[in-house]
Amino acid sequence: MTDPLLGAGTETTVPDVLTPTWEYAPAPEARDLVTIRSRSGLFIDGAFHDAADGGTFATISPATEEHLADVALAGDADVDRAVAAARRAFASWSRLPGRERGKYLFRIARLLQERAREFAVLESLDNGKPIRETRDVDVPTAAAHFFYHAGWADKLAWAGLGSHPRPLGVAGQVIPWNFPLLMLAWKVAPALACGNTVVLKPAETTPLTALLFADICQQADLPPGVVNILTGAGETGATLVGHEGIDKVAFTGSTAVGKQIQRRLAGTGRRLTLELGGKAANIVFEDAAMDQAIEGIVDGIFFNQGHVCCAGSRLIVQESVHDLVVDKLTRRLATLRLGDPLDKNTDIGAINSRAQLDRITELADAGEAEGAERWELDCPVPDHGFWFRPTVFTGVSPASRIAQEEIFGPVLSVMTFRTPDEAVAKANNTPYGLSAGIWTEKGSRILAMADRLRAGVVWANTFNRFDPTSPFGGYKESGFGREGGRHGLAAYLTTKAA
Amino acid sequence: MPALVLPTDDVSLDDVTRSASALRRFLAGLPGVDQVGVEKRAAALATRSIKRDAKLFALDLAIRMTDLTTLEGADTPGRVQSLCAKAQRPDPADATVPAVAAVCVYPDRVGIAREALEGTSVRIASVATAFPSGRAPMSAKIADTQFALDEGADEIDMVIDRGAFLSGDYGRVFDEIRAIVERCADTDGRRTPDGRAHLKVILETGELATYDNVRRASWLALIAGADVIKTSTGKVAPAATLPVTLVMLEAVRDFAALTGQMRGVKAAGGIRTAKDAIRYLVVVHETAGGGWLDPEWFRFGASSLLNDVLMQRAKQTHGVYWTADRIPID
Amino acid sequence: MATRLQVPKTYKLAIGGAFPRSESGRTFDVVDADGSFVANASKASRKDVRDAVVAARSAQPGWSGATAYNRGQVLYRVAELLDGRREQFADEIVRLTGVPRRSARTQVTSAIDMWVWYAGWSDKFAQVSGAANPVAGPYFNISVPEPTGVVAVIAPQDDALAGLVAAIAPVIVSGNTVVVVPNTRWPLPAITLAEVLATSDVPGGVVNVLTGDVEELTPVLAGHLDVNAIDLGGVADRDTTDWETAAAENVKRVVRTPPTQDADGPARILAFCETKTVWHPKGW
C-alpha cells in the first residue's frame, strides 16, 4: 500500500515480526548459590529430626525430573511431637512483649532479604517456576510480609479488633506448592506477630524452601517450638489439621480438600480459615488501555504457569473488541520464552508435577472436544520434565469444563459479553469467588462493576497484585478469612477473655 | 476507536486527514495508555539478561544504529570533522567495529560533515525547523530545512510545535510536518534506500508529559508522513525513557499492521551506557518485533553512548574489563 | 607508652544532607555537666533557618512519594545503625548531662525502640485512621491521611536524645520533612544522630538539624510562611503564646503536647497529617 498522503512511495514490506532475529544466549542463574542437603529432617522444637518411623520421600526438579533430596515424611508421632513443642513454646512466646516479638520478625525479614537469591534459586529448582519470578516476586514479597507483620506485633491494640486482643494458641497450617515460601510467609508472619506458635506443613512437591526457612529461624534465634515444620504428604496434613492439640487451622489449597477440612473441624469449635480455588473473570471493556490490558491478561493467566488460585483464567471480552484482543494477545504471547526455570530470561517455567500436568492436559483436551478453538504457543519443549505450552481457547461456551473448572495451568478461556450486566452475570457464574479483573478507562464503571462482582479481590487495570498490607481471600467456595492487611490479623486473634 | 489498530480493519487514513476535526477525532479515539501498566512492562523488559553472543550482536547493532550527535553552540568545523572520523571508524585500533548510522549536526555544519563523509556509508542528519524549541515562523522553519537539504543532508530531524500540540491544534502540527515531508520528498541522490532525504519527527516527549499525548503525537507524525518518530531533542529533561520509547514502538508496530508501511523510531538523549542501549533493543525486539532491529528502523541519538559501547565490546572480545583511557575521544 | 591525643569531632549543622557551618559563622560553647568545655557547636541563624526550610521543602515530594514500605525500611535501618553506635551516644549523653551511664543507655535503647516502633507504623497508620465512608448515594468515598508538608520541631529541652527521636520520628514517618531545633544545652547527640541518618537511607533534607538558641530560632520558624506545622511540644512548659500567634499567619498546625516516649498509637503521626477525602461516582 502506498501512503495516500505522500504521493512519493514509501512502500515497504512489513517484516514478519515474529521472526527471531536475535536469540538471547542462555543466562542461567548460578545454581551453586544453594547447597541442598541430600537428606533433610523435620524442624521440631528448634532442631532437625528424622521422622519417628524413619520415613522419607523424594523431591524432584519438575524441570528436569532430577532427584533433589530425600526429606522426612512426618507421621502421627511427629505431628504429636511438633504440636507439643508448639504448645510449650506458646506459653512464653505469647507473653513476650509485642515489641520483642516484633524484633524477631524484623530479624527474619532481614535474613530473608540477605539470603534472597539463595531462596530464589532453591524455589525455582524445587517448584519449576522462573527465577525471574522467584527473584522479583516470591522472595521479596515474603520478606515484605514479615516486615509488615513485625510492625503489628506491638500495635495489635490499634488493629480494630478490641483493645486487648489475644493470640489463639497453636496454629496448624497447610500450604500449597504454587508459592511455597510466599504462602509460608502469609501463614507464619501474622500467626507469630499475634503471639501464636505454628506447626506448618509445606506441600509434598515443594518442601525445600520451608526447610531453608527453618534454617533462618535458627539464625534469628527464634525460641524453639515457635515455628515447627513438618514435611510430608496429604496424610500428614490431614493428621495435623485434625489434631486435638491445635487451636486454629489455616489452609490454602484446593476447594475439595478445603471442604474435607471444614467437615473435619465441624463441631470442634476450632478456628478455621480457608483460601481455596478460583476461576477468576478478567473483564475487558472496549475502551480499555488495550496494550496494558493485554499485559494484564498475560500476567493474569501465565504468571507462575497459571498455578495461581486467583489466576484470570476466564477472559471475558466485550464483543466489539474480541478479535482485536485475541489478535494482540497471541502476538504478545509469541514473545514468551518457555524453558529452564533458572534462566533469567525464562517467562514460563515447568509445571510443578506430573499429576498436575496430567490434569491440565486432560482439561485442555476436554476443551477441544467440547468445541472450543485451541491456540497454543509454537515453541520447543524440553525433553525431560513437565511442560505445557501457553494455551488460549476461544469460542468457549460458559457451560464447558474449561469455563467452569479450575485448571491451575497456563490455559486461558475466552468468552464475550455485550453489556456490563452480562459481564457481571458471566463473571459471577461460578461457585468460586476469589478474584476478578476489570479493564476500562472509565472510573465509575470500575466501581460499579466492583460492587457487583462476587469476589474477594477485584483488580482494576492491573492483575495479580499482592501486598502485605492488602487483605486477600475469597467469597463463596473460594474460602473464608483474609490473609494480609489489618483484616488478616483477625484470623489469629481472639477478643474473648482468657 | 480501538479497532483502528487492527490489521484486518479497513481504515482509510485519507478520511482521517480530510479535516482538522477528523484528525482530532481520530487521535482522541486512540486507546489510552495506562501509565502504571506501561512502566511496569518496560521495567520487566529491562530485567532481560543479555549475555555472550547475544550481547556482542547487540553492541554492534547499537553502534550501527547510532546517530553520533553534536548539537552545541560551540560546534566548530574541527569538532565536526573529528566526529565524522569517529563515525566511520569508531575504534581505530579495531577494524571489526562497524561504522555508526549517521552523524547529527546543525544545518550550518552539514557542509563540513558532507566533505568529511564523502564516499562513506555514514549518513548526515541535520536538525531543522528551529531546533530545539521550534518557536519560529513557518517560513524560517522551511528555510532552515531547505538549507540543510541543499547542503547535502540525508536525513532531517525536525521538531514539532509542542505549543500547538498541547493547545489541541493538531492540524497545525500536521501541516508543519507535511510541509517538511514535501521538502524531503523533493530530493534525490541521498544515501538512503530510496535516495530521498528521510524525515525524523521529534516529539519532545518530555514536554508532552503524558503517554496518551506520546501516542497521539506518534500517530499524528506517522500519518503526516514521518519516516521515523523521535523521542527528544536532548535539550529537555526527561529525554528518551524506556516506557516512552515502548509507546512509540507500539505506534509504529500498529501503523505497520494497519498500512503495511514500516516506519522507524529514534530514542534520543539520556542513553549513555551499553546496558541502557541493550535494554532499548530488548524493548524494540519484544514490542515491535525483530524486523525493527535494523538501523533503518531504530536509532539511538547519542554522543557519549558510543564510547561506553566500545568499552563493553572490548571487554567482550578481550575478556577483561576495559578502561576509557584506551578508547579514543571524539 | 606515650598517651594518645584524642581526635575530637567538629559539630556542624545538618541541612539538606550536608553538614555546613552556620552561615553566620557563629558558634557557642557546649559544656559538660561540670561546666567544662566539650565542643563548639554551630549557632544557627535566621538564614540557616531559611536554607533548612528550602532543603526540607525540596526533599518533601520525594520522601512522601516513596512507598510506605520503603519509608518503614528506612526508619528501621536508622534503628539498626543506631544500635551499632549505642556506646557513642551513651558517652555523649553521660558527658553532657552527667546522668549515670546506665540511665544514658536506657535513653539510647528507648531511642532505638522508638525508631522501630514508628518504622512499623509507616504502612499501618493509614489503615488504622483511613476509612471507606458509606455515604448515602452511588459514590465511592474514602478518607486517607497525607503528610502536611514541612514541619518545624522544637525538640524537648529536658533530654538529649530520646525526646528528640520521639519528636521527629512520628513526623517523618508519614512523609513530612522536618527542621528541628534540638536541645539548646545538649545539642551534640542531635548532630551525631544526623550523621546516623545521613549514613542510613534517609534522603538528604528530610531531617535538618539547626543547633543554636531555641529562643532565637523558634520565632523565625513560627513565622515562616513555607512551614506547614510546628511542634512546640518540646517547650510546652513555657509560654508559647507569641510563637503560636505568629504561626496563625499561614494557619500552621500547632502541636503543644510533648512527644511521649510511650507507645501510644498513631495519634502523634496523625497530628502532622491532613485528611483527604475522595469522592467518585459508581455507574456504567
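We call the chains A, B and C, going by the order they appear; numbering starts again at 1 in every chain.
Here is the rule we go by: a contact is a pair of C-beta atoms (placed from the backbone, for glycine too) under 8 Å apart; a residue touches a chain by one contact, two chains touch by 3 or more.
For clarity, every value in this text was computed on a predicted model and none was experimentally measured.
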Exercise. For chain B, which other chain has the most distant CA centre?
Worked result: C
For this session: Would you mind checking which pair of chains has the most C-beta pairs in contact?
Result: A-B
For this session: Round to the nearest whole Å and give the separation of the Cα centres of chain A and chain B.
Result: 42
Problem set entry | Approximate Å spacing (C-alpha centroids) for the pair chain A, chain C | 41
Exercise. Between chain B and chain C, what is the separation of their C-alpha centroids in Å?
Worked result: 48
Exercise. Do you know which chain C residues sit against two or more other chains?
Worked result: none
Problem set entry | chain C contact footprint on chain A (complex, rising order) | 99, 102-103, 106, 144, 147-148, 150-155, 157-160, 420, 443-445, 447-448, 451, 468-469, 485-486
Problem set entry | Interface residues, chain B side, partner chain A - complex | 2-3, 5-8, 12-14, 17, 31-34, 36-38, 40-41, 47-55, 57-58, 178, 181, 185, 194, 196, 223-225, 227, 250, 253, 256-257, 259-262, 281, 285-286, 288-293
Seminar exercise, completed: The answer for chain C against chain A in the complex is residues 68-69, 72-73, 76, 113, 116-117, 119-124, 127-128, 138, 140, 263, 265-266, 280-284
Exercise. If you look only at chain A, which of its residues touch chain B in the complex?
Worked result: 1, 3-27, 132, 136, 286-293, 295-296, 320-321, 323-324, 327, 335, 344-345, 441, 461-462
